[in-house]
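By letter and in written order, the chains are A, B and C; residue numbering begins at 1 in each of them.
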Amino acid sequence: MTNHFIDYQHSDVWLCIGANPAENHPMAFRWITKGKEKGGKLIVADPRFTKSAAMADLYAPHRPGTDIPFLLGIMNYAIQNNLYHREYVVNYTNASYIVHPEFGFEDGLFSGFGDGGYDKASWAYTGEKDPTLEHPQCVFQLLKRHTARYDKRTVSQICGTPEDLYEEICKLYAGTGEPGKAGNIIYAMGITQHTYGSQNVRSIAMLQLLLGNIGIPGGGVNAQRGESNVQGSTDMCMLYHLLPGYNPMPNANTHPTWADYREKATPAAGYWVNRPKFVVSMLKAWYGEHATAENDFCYDYIPKIYGDHSHMAMFKAMAEGKVKGFFAWGQNPVVGGPAAIQSRKAMENLDWMVCIDLFEIETAAFWKAPDADPTKIGTEVFFLPTGCSYEKEGTVSNSGRWIQWRWKAIDPPGEAHSDLWIADRLFKAIRKGYQQGGVFPDPIVKMTWDYGDDHYDIVKVAVECNGFTVADGEPVLNFTKLADDGSTACGNWLFSGYYNDLNDPPCKRRDTVDTSGLGMYHNWSFCWPVNRRIIYNRCATRPNGQPWNPEKALFRWTGTEWIKNDVPDFNANVPPEETANNPFIMLPEGQGRFFASGMAEGPFPEHYEPIETPFKNIMSKQQHNPCAKLYADNFAPVGSEEYPYVCTTHRLIEHYQSGALTRNQPYLVELMPEMFVMISKTLAEKLHLKSYDWVVVSTPRGEIKAKLGVTPLIKPLMVHSKLTEVVCMPWHWGFQGLGRGAIANDLTPAAGDANTSIPEYKAFLCNIRKA
Amino acid sequence: MYDERYTSRFGFRMTPLRWAMFAFMVLFLAVAGYRFVFGLGPVTNLTDQWTWGLWKYLVFPAVALAGCGYGTVFLAHVLHIRAFYPIVRVAMVVSLMGYSVAMVGLLFDITVYYNFWRPFAYWGYTSILFEVLWCMTLYWTIQILEFGHIAFERIDAPIIYKALDKAMPVLICVGIMLPTLHQASLGGLFIATTQLHPAWWSLWIPWFFMISSLMVGPAVVAFSCWALCRIYGKKFEELMPSLNPLILVGAALMIFYTVLKVWDLTARGAWGYVFEGTLQGNMFLLEHIVFLLVPLVMFLTPSIRNSVGGLVTASLLCGVGVVLNRTNVMFTGMAPAYTHSYFPSWMEWVGFAGLLVGALLVILFFVENFKILEGISDAEEAKDSAVSPVTVQG
Amino acid sequence: MGQYGVLVDVTKCIGCRGCQTACKNWNDLPAVKTTFTADWTNPPEMNFNNITLVGFHTIEKDDKVQWRAAKVQCFHCLEPTCFEVCFVHAYNKTPEGAVVYANPEICVGCRYCQLACPFHNIQMKWDEVFSRVRKCSFCYNRLVEGLKPACVTTCPTGALKFGKRDELLQEAKERINSNPDKYFNHIYGEKEAGGTSWLYISDVPFEDLGFNTDVFQKSIPKYTWKYMKKAPILAVSLPIFFAALYAYTKRRAENEGHGH
């Protein structure tokens, strides 16, 4: 999130797309409700009439996987009707940048497409700018031409949203382009879980830039994370291609040495020029006295990636017998991963598996799945019971980037221990092994692991993450104090500052006094970076330092100084004109990108159909994302008659992720006891089905049996003049726990986004019949 | 039937039917045991909506029909109308057993049965049920004492008999007040149940309950006499002169009841509910036409009234009418407010039937061992009159 | 001291059912076994272990559909019928406004309270031999400690608002008046059963939320009490009247006897 939950109350319009906060982020809805009381309008776009839709002023049904046309259509509307925020666009974005003359776009493909993907040479800036935005090759004109193809009629045909309704939504949302108005786009997995999920997010960011909605109170690109600490875990490099704090993981081919990494992973401009300071400090934290300038701070000890090690790639390798051991730590891929039947089969090839969780979850019990034959599975499974978040101390980072300390309420039951306890023992045992010798023991043996002997001291962990000066071990104030000479150590630069005062650590602060008047609550926990509650907040004011909306003034330049209601994301010691062209400090160009050459499948989002779809792509000959990552070939063909219905998965408030925690919670099982599938009345009529029938839902990956719910909340969509039925199912159930049911992800395809490999859970094809 | 020859010991003739009835009572006792050990949940089909089921229902028709007691006693013992002397004891015994069934039924129905005494200690005076319980309990006690007066005619305990004999007038006066109150209050219970279908729900429902219990009394007495006469081979025709005026009193009350009903529906503007064509409307019509107006006309027609068949048929219709009224109030009229349906479980039926069968056996025993069907003679009444009413002197 | 109340604004309820769970949590009620329900209301109806229940309602009109959730529990009548009909005083209406089943130990289990509750919001533990009822107590044990009811505390959107009933009633009126196009002009609980501590406002008619709109609009105890007041008078006057009749007719009968 660029903004935070409490800030939602300042929005004039919310556009919820691919998110269902009323169901999945109820506390977010507290602030939407507050904002609605002040006259804010809520738009919800979703294939289902969700709980959020029920609260919306305007609800747009749209077909799963058609977010890009929906969003580009709004951009087109804003440009064609001159509703975009021109002053913002000219000053704070790369709209005026002139792009390489050879850059082009034809029939669904951008220039430079070849066998192995795109050659991005033509996607570069020329270095010139046209502040009038008239140059035919300037980003704005390119964007205008690109989005012009998404007129309301075309969008309506693709999405199945009625044209009039769509226009009404365009009008309402594009209205936030007026200076001083704030539009807030709220999204979640409905946006990201597609083979073009990253481009879906890009579309949101671009629309927000176009309407001047980033960096202002009530605005923002607000990803509501899928679990309470998923923000924290990505910050701490849960993803395979990252080091802590979003530093790229060293690559065996491009970064074999520290010099390579330092050179290639550090951009020429933007705040990331400080990357070496962050990585060196991280290495100092990891290897302490062993990390010296002479040995490149032990850079060589860090493993280098040499390919795709994402979730689906890993399970593919497992299926091929290349992966022999597996730690499933707080993760339940047997329920949560795509093509779960194939994943279970793949796990049978493991020699051993360690599962660390609260209960004996499906992953731990994969060998006794209903479709498994335990006599033929040789995997040795170790189950280590751990504590839930109330049974251990530590931090949880919410979607708004607030790192909040949580104290332990009770001890974990029985033999269960906190994850940190397990990690501590595990590391010490492994180190002990390597101390006896090994192929390459140094990365383990020389690692700093100084959190206490018998019982870890979590404050020591926190201080290491916060960063400290090596000389005296005192916590650093924040990441601006980090150095690349080995004088500082810091586990995660982004977290730096959250525990900089041992007596009053910011992440433990719980002051409900709001000095900003805008609900920023700077003394309630710590928000990365540097307690900045709204990032890119230079955009909150005009180039001259005057707020767009004086009533919601995050900053104001008095002529001599800045009046500040948040931690500035710019140099506040200089007059506004000096920072006006550099509001997006993380980017080398310092300005927001409509045109982003870093993306795998193109600098602009373009509509492609999901891997499984009933329809041909009417925008171009390019049916699917040309760069999508496919990890299997069991996909239904376009327009499949065998699998005629669009299927999507969703969540319920009662259950959390794969249900590992919640399906063992009697109260929650009482509320939502078993797996079900929901369809429209029209489909039920057509198939002679009624509520509570047992039905079989099938895809090329397999089939599941579940109870049917027939609901007026799902209605068929008119897509390309064809009535399209959508089958909706939650994915929280599995064969373990108190509340059991079929695994929805047995059906989902192993197809991933081109940039992030996130699986396409949200749009695929299925059939449904009476069991 | 009472036989002077049985002076030394009590007797009870056993017939195959009576053996069957006793066998059924064994089943009943088993069900009762199960109910008192495991509670209502496993035994009944009650739900949070249908929280008053067959056993609670039993109280209402049982007490209504037992209304024959106080009405007849009023006519015979308070108003001293000699014509009713021969039948007053049948009325009293039937009434006593009606109340006994109701009291035992209530004990079956309350869940925390060991707390049955609490209402007498914790005065929930705001509750109409409080009044019902007090009155019913007191009246039941008085009825037992009244019956004791009969019983001690043949049980040789002169002191008790004398004491009872002396207390009789007081007991009778208080004993008539109590049912008057609680017959009305049983209806009053339904003032609070505002979900009751508007065809029946009225602030006048207490008085409908009271009047209907009075008006059905003569019919119950007539039917009971007829039935007992048949069983014991006595000539029913001999009782007709006593019953005839009693039936006319009942008919008069039925007219009053009808007028009151018409007035009530008119005043509440509820006629629409009667003719709405629903189950409730139709049941209301059935109750009031077939089982109220038809027997009323039969009673008022001398040729029918004076024939045994006509009298008994009309009495039966009238009795069924009152039972139907209670059924409608408790079930038919409540149903629209509930989403559940309710049909009693087999154990509820056994409990229901068992209480009735038990009461019938007791009535038969009483009739065969005490002077019930013989009525009271003028001589006995004269003896009664020798005692002055205490209350009047006070 | 004015009575407390809760204002439920159905237009703000997102159906998260936090209240339903918080209620069970605070009152330590066990979970009950359920199965899937197509409308998601679960358990399908209130029971002894679910004394508050969020009901989901889809309202279809023309081509549009509305989806509303409404929490139901004891509405805490200003003049509670359950209190009035209890013949052992097992119920209490506290000065704070809570209607509490305060003395279960003396309860007889007659279930008249269940039958008479105008909202059918009292539940019975049927599966126990000496079964008793349970109902929402307005979290009376929290109220006396100065805390809000558990359900209100947990509500994320402010759909439940706790306060003084008269102030809430005023606020409900203001909300409706300031947004007459949105709200349905009816404050459920203002007049129902003579007024309840819990007040509801909604943008859909209350019958669409499964509420009984046919409920008696006046205080039911007023009527039962009107009847009960007569009982003592009758209890005294009737025997005297009967005794007089007794004496009179007896004398006449004797005279007639002498006449013979």
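Definition applied: a contact is a pair of C-beta atoms (placed from the backbone, for glycine too) under 8 Å apart; a residue touches a chain by one contact, two chains touch by 3 or more.
The model shown is predicted, which means the values in this text are computed figures rather than measured ones.
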{"item": "Chain contact topology (line, ring, star, complete or other)", "value": "line"}
{"item": "B-C or A-C - the one linked by more C-beta pairs in contact", "value": "B-C"}
{"item": "Rounded Å distance between chain A and chain B, as computed from the means of their C-alpha atoms", "value": "76"}
{"item": "Rounded Å distance, chain A centre to chain C centre (Cα mean)", "value": "47"}
{"item": "Chain centre separation (chain B, chain C; CA means) in Å", "value": "34"}
{"item": "Of chain B, residues touching chain C in the complex", "value": "36-42, 46-49, 51-52, 74, 77-82, 109-116, 118-119, 122-131, 133, 169, 172-174, 176-177, 180-181, 185, 188-189, 191-195, 203, 206, 337-339, 382, 385, 389, 391-392"}
{"item": "Interface residues, chain A side, partner chain C - complex", "value": "22-23, 26-27, 29-30, 33-34, 49, 51-55, 653-654, 666-676, 691-692, 707-713, 715"}
{"item": "Complex contact set, residues of chain C against chain A", "value": "11-12, 14-18, 20-21, 24-25, 30-36, 38-40, 42-43, 58, 60, 65-69, 156-159"}
{"item": "Residues of chain C defined as touching chain B within the complex", "value": "45-47, 81, 83-89, 106-112, 114-116, 118, 120, 122-132, 193, 212, 215-216, 220-221, 223-225, 227-228, 231, 234-235, 238-240, 242-247, 249-250, 252-254, 257"}
